[in-house]
Amino acid sequence: MRRSLLLLLLFVAWLAGPPASHAQSSEALKALADLAVDDTDRREAAVGVLGATRDTKWLEFLAALRDGNVYARGKGTTLEIVVGGAKTTKGEQDVIEIVTAYDRKLIGTVPVASVTEIAADRRLRIAIKPFLDADETRVQLASPDAEARRGAALKLGHQADAGAAAVVEAAIAKETVPNVRHALEEALALIRLAHGEPAVRVLAAQALGGLHSFDGMPALQRLAAETSASRAEREAATVAIRQIERWSLLVRTLETAFQGASLASILLLMALGLAIVFGLMGVINMAHGELMALGAYSTFVVQNIFRARWPEWFNAYFVVALPVAFIVAALVGVVLERGVIRRLYGRPLETLLLTWGASLIIQQGLRLWFGAANVDVSSPSWLSGGFALMTGLTLPFNRLFIIGLAAMSVAAMYWLLFGTGAGLRIRAVTQNRGMSSCLGVRAGWVDATTFALGAGLAGLAGAALTQIGNVGPSLGQNYIVDSFMVVVTGGVGKLAGTILAAAGIGGLNKGIEPALGAVFAKVAILLLVILFLQRRPAGLFATRGRSAEA
Amino acid sequence: MPRREAAAVAAAALLLVVVLPICNALPASSALHVSDFRLNLFGKFLAYAILALGLDLLWGYAGVLSLGHGVFFGLGAYAMGMHLMLEIGAKSVYQSALPDFMVWNQVKELPLFWRPFYSDVFTLVAIVVVPGLVALAFGFLAFRSRIRGVYFSIITQALALSAWLVFNRNEMRLGGTNGLADFKTIFGFPLNQPSTQRGLYAVTALALLVAYLVCRWITGSRAGKVLVAIRDSETRVLFSGYSPARYKLFVFVVSAVLAGVAGALYAPQVGIITPAKIGVLPSIEMVVWVAAGGRGTLVGAVAGAFGVNWMQSWLTTSYPDVWLLFLGGLFMGVVLFFPDGLVGAVARAFGGMGRLTRGASFTATPTESARSRGPSSTGHPRPEPVARPPLQ
Amino acid sequence: MSTYSRRDFLKTGLVAAGAGVAVAHGFPSIIGAQGKEPVKIGVLHSLSGTMAISEVSLRDVVLMAVDEINAKGGVMGRPISPVVVDPASNWDLFAEKAKQLLLQDKVAVVFGCWTSVSRKSVLPVFENNNGLLFYPVQYEGEECSKNVFYTGACPNQQLVPGAEYLMSKEGGSYKKFYLLGTDYVFPRTANKILRAFLLAKGVPAANIEEEYTPFSHQDYQTIVGKIKRFASGGGACVLSTINGDSNVPFYKEFANQGLRSENAPIMAYSVAEDELRGMDTGALVGHLAAWNYFQSVDTPANKKFVNAFKEYAQKKGLPGGAKRVTDDPMEAAYFGVHIWKQAAEKAKSFDVDAVRKAVYGQTFAAPVGPIKMHEYNQHTYRPVLIGEILKDGQFKIISRTKGNVEPEPWSKYTSPDKGCDWINHQGTYQKKA
């Protein structure tokens, strides 16, 4: 108890006082020697002394101690404290490279057996932590990485420690990135709220309200309920709380809307290929999910190639992976179509079973080739993180990308079907195969191209999915039923049907989810689809007569 | 039923219902002994065969492909399972009248919908009625709105997925992902006794016999002919004055009831029922039993159920990596090369039967001309299978 | 009118013949020669299907242990012959395969299962036929079968220490706990125990949130939003029993919505090195896990174990080769095999009851350090380690209990009145107050 008090005092003194000189003082050296003794109390005190120097070199040493890299080495009659580096094997022995504790000057490589590890047990680690934390936060505030600065600001705000106010103010003056600046201002307000005088606290409360600070809610709520505070303070807190709550409602609505759009875009991307194949050819492709898996695995392979051959271009791998995924899936689709599906036109139930069989084979093939475990597809840096639209609302980049990709795919489909000769031929064959044949359209080729197109889109969807989910052999299974729901609801008459169905299902699902939870929201959607089909048995836009208009 | 067929059925019945259990009762040293393990396995296969019969009736004869029959199977199995759980009573680990999973979920009182399952009679009735009612409701909505073909299959998938999601939730008080397990007695007979297992097996075999006779009767009757007509051309049947929806609904309910009975016989023999049997994948596997055996022939359904499951047992023991490849290949092979299934292929090998339309041995392959017509944009089978020269 | 054609006769004949052929398989197998006759053991792990991802490694490590033992002369001079079957992640196949192993192959012991469903479905088979199962995976407790040895962690050997660490000063003194899990028995029971523990330690109920998602759930946007709001103001952490597949989308969404491991750490109870192998660890770095073993444990026994496994993987051409990793269930499976061997040698017999009694109190120099089988409750004494996830999918060990922790199959927070004892009682019993 006494020791902890002493440590606390040392720590506070350290926070308040100026930095010590950057030399190895004798106290520090004595403390260093103390680390090797058997007495935990003395070791704890030693840590306190070393930390109080606020010398970065001693703080680095403490970090090494915490990580278990500090050893004691016999040198004549005394023990020398050293920091150990990498352990290697030289011949028969295990050796370790050691450096001095303060300067990190290389001493040499010695056998592991000749040094004894100084274990940092829990008490020691607890003693080390505050020094390193404060130092780390300070260092982080000056870090070049914006996210690290923001994290440090948040931590300072949570700690609401009076001593940090000056540092935060200084950082605000220098800060250029808006969301980091926001976090810093929030931290400052929280510190002032915790430690200032009544007038300062009123201002701080108003500031928090203006900043729409969610992190400040608990502190504001405490202030509003504090009986010892003045009326002005409590009122300011209440006003701020209401401001933040209104903002929160706005944020939540926008968040749900975005999530709905994100889900809708994913469904659309998955269902587009399926809708084209089903709508234009009447083939129900149960292997659609596996074509998506193939696209995902192609992305994985491209990622590995980039990692091995061109690591400096790693961020570009995804851009290359998209067309690769499209092509690979399209090729497999062509093989599937020309090889087996061609024999089953006009028999949709049979194609359903056939393609299911193909899907099992592809799945097991992937499992045997790549292993049963999921594989790791890393996000390129431009797809990690999010766009902080407003306080409390971050739109992840990967989802924004998928929304963009879905929109582009739809636009590309429309252009292809209505703006090119190939599209014209596709539509012709769908409307009247015999007549098109008579007019010189090679129906067989058109079938293959259409199926390849649908399969390629599936591959594209698979590549996109690697950024938000797992990549494993059973990736297809997770999404196949959702894709079918969209196609069946949208009907095969128009592409617009698929778009509307995806939007409807995605939006509705996310809208219901906060109330019912994920599972029951999904069940509700499935039941709604079943009921919807009562009114429109062939989907939103069914084909009329025998012709298909897209 | 013609005499030769009756004789064959009787012979098979004798073998399955009487001979095999007796072989099981023989001492282990005897050459004719059938081990408990084997008999139990057969019992499971026979339960599957009942399910396959129902599915065959629905798909092979009426042309309605349901990819969600796991739901009805599961409903029957859960009904029986609930009763068995309540039978355990104080013999469980927690020594409570409540099923185990309720105790660790901190449920204090038995939920209302569980209470009637204390009664044997209610359970037996529920096994038949619950799947039937669900099928009635679903089928009524679906067939009345003329949802057909692929659309119907896909919404049965939606049904299967919803049921799977719901049964997996703990709040439903049905055991969640663990399902219902650890049964101790059935109607008072202890489940770990070989004699009980033998009895269960015999009951299953009998049930299969009854199911076969019922299906045979349906397909041999006029209703059976209407069903086949619906399969081949629904619009024409409509214009001929029949109501296809009613016939389809009838056979849908019958197949659901058969599935429920199959599930109820499956649960005590396997000892566990989980939502894993209700979902999308197991339902599609059930379809491949019928396809591989030979749809449109009742015996084919039974043979398929037996054959495919036996292959699964064997392959997962000897060549585990191969099982899924085999299953996938089976799907594809059956659809492409053996549309009449194993039974059809064997029969064809035994001296080309020219005419495929004879009594109970209908096969469900559409006529040749439809194949050359190219893809259908609506996804429905062409309404007019009239022979025309191929266009390509 | 329909005639009964030759075809129909053939069809019914086929069925009968098929039945007959199948019956023939039931004939007793030829008895092998006496003498150095191998002793059969069963390996019951899913090699295909959804659980294959996790269970394939267990099969591999059990076979490696068998090879090791056989190289040293086997058990009592007899080589071990493993019978490997694949229940294909199918719960009813588990029961069937268990019956096959015990009744057809007549194995002396089975090493198997992963999910609680699979264990619960084989339990009656083992109990009715007096078989022996070694079960190596962490589980929810509340079970104590005479026929199972549980070499994985009980809740008090993993769940509670993890939460305790986060509550402690060293762990960060967290005050708010979001209990998030996949919807099945392990997370449900785990959270029941965690909640009881937290309440007993004075955490107000308003600071505890509980939520479940189904298996393979991918879309965590809503839930992460909720966690964000819950965590506002600091001092919040997530205790995650999310299983398998769903982990990647959860961690990714967490990171993408701006939550950091320093501000709101996730303590995972079902994420180990084998799962991290297939994940983009960028989003997971800095988050925590609690286990009884990590591959990065620095003991000579563990170095030997890890190298041996990597060599084994390369030699057998297993997918992944030298990049394969070891984790807690694998270590438990490994020492389970050795414990069984030791017990059989002590009992000088393979009879289940004799071996069982010989297992009680057995010790073994496991890779993590010395472990001991409990003297009467079928579980295992193991140490508890807290690890921090590193970029390469390994863990940095940041905390470790000094010795082993005694297993409590009935948690003192939720079932203080129950205990498990097979020496003085018949398994689970009511403690006198």
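Letters are used for the chains, namely A, B and C, taken in the order the chains are written, and counting of residues starts over at 1 for each.
Here is the rule we use: contacts are C-beta pairs under 8 Å (C-beta built on N, C-alpha and C of every residue); 3 or more make two chains touch, one makes a residue touch a chain.
Since the model is a prediction, treat every value here as computed from it, not as a measurement.
Averaging the CA coordinates per chain and comparing them to the mean over all protein CA atoms picks out C as nearest. Among the pairs A-C and A-B, the greater number of C-beta contacts is found at A-B. Inter-chain centre distance (subunit B to subunit C, centres taken as mean C-alpha positions): 34 Å. Averaged Cα coordinates give subunit A a centre that lies 28 Å from the centre of subunit C.
A separation of 44 Å divides the Cα centre of subunit A from that of subunit B. Annotation for subunit C: residues touching 2 or more other chains are 48, 183, 214.
Among the residues of subunit B, those in touch with two or more other chains are 165, 168-169, 321, 324. Across the assembly, subunit A contributes residues 364, 367, 519 that each touch 2 or more other chains.
Remark: subunit C residues 2-16, 18-19, 22-23, 25-28, 47-48, 84-88, 90-93, 95-97, 99-100, 103-104, 116-117, 120-121, 123-125, 128, 140, 142-144, 183-185, 188-189, 192, 212, 214-215, 428 touch subunit B in the complex. If you check the complex, the residues on subunit A that touch subunit B are 278-284, 340, 343-350, 352-354, 356-365, 367-368, 429-431, 433-434, 437, 443, 447, 477, 481, 484-485, 488, 492, 519-520, 522-523, 526-527, 529-531, 533-535, 537-539, 543, 546-548. Every residue of subunit B that touches subunit A in the complex is listed here, in rising order: 65, 138, 141-142, 144-151, 153-155, 157-159, 161-162, 165-166, 168-169, 280-281, 284, 287-288, 291, 321, 324-325, 327-336, 339, 366, 370-371, 373-382, 391-392.
Listed in rising order, the residues of subunit B touching subunit C in the complex are 2-5, 8-9, 11-12, 15-16, 20, 23, 28, 31, 33-38, 40-42, 44, 93, 101, 104-106, 165, 168-170, 176-179, 181-183, 191-192, 220, 270-272, 274, 276-277, 297, 299-300, 302-303, 306-307, 310, 312-313, 316-317, 320-321, 323-324, 343, 346-347, 350-351, 353, 358-361.
Interface residues of subunit C facing subunit A in the complex, by the touch rule stated above, are 48, 50, 52-53, 56, 169-170, 183, 213-214, 216-219, 221-223, 225, 228-229, 232-235, 245, 248-249, 252-253, 255-258, 260, 262-263, 274-275, 277-283, 319-320, 399.
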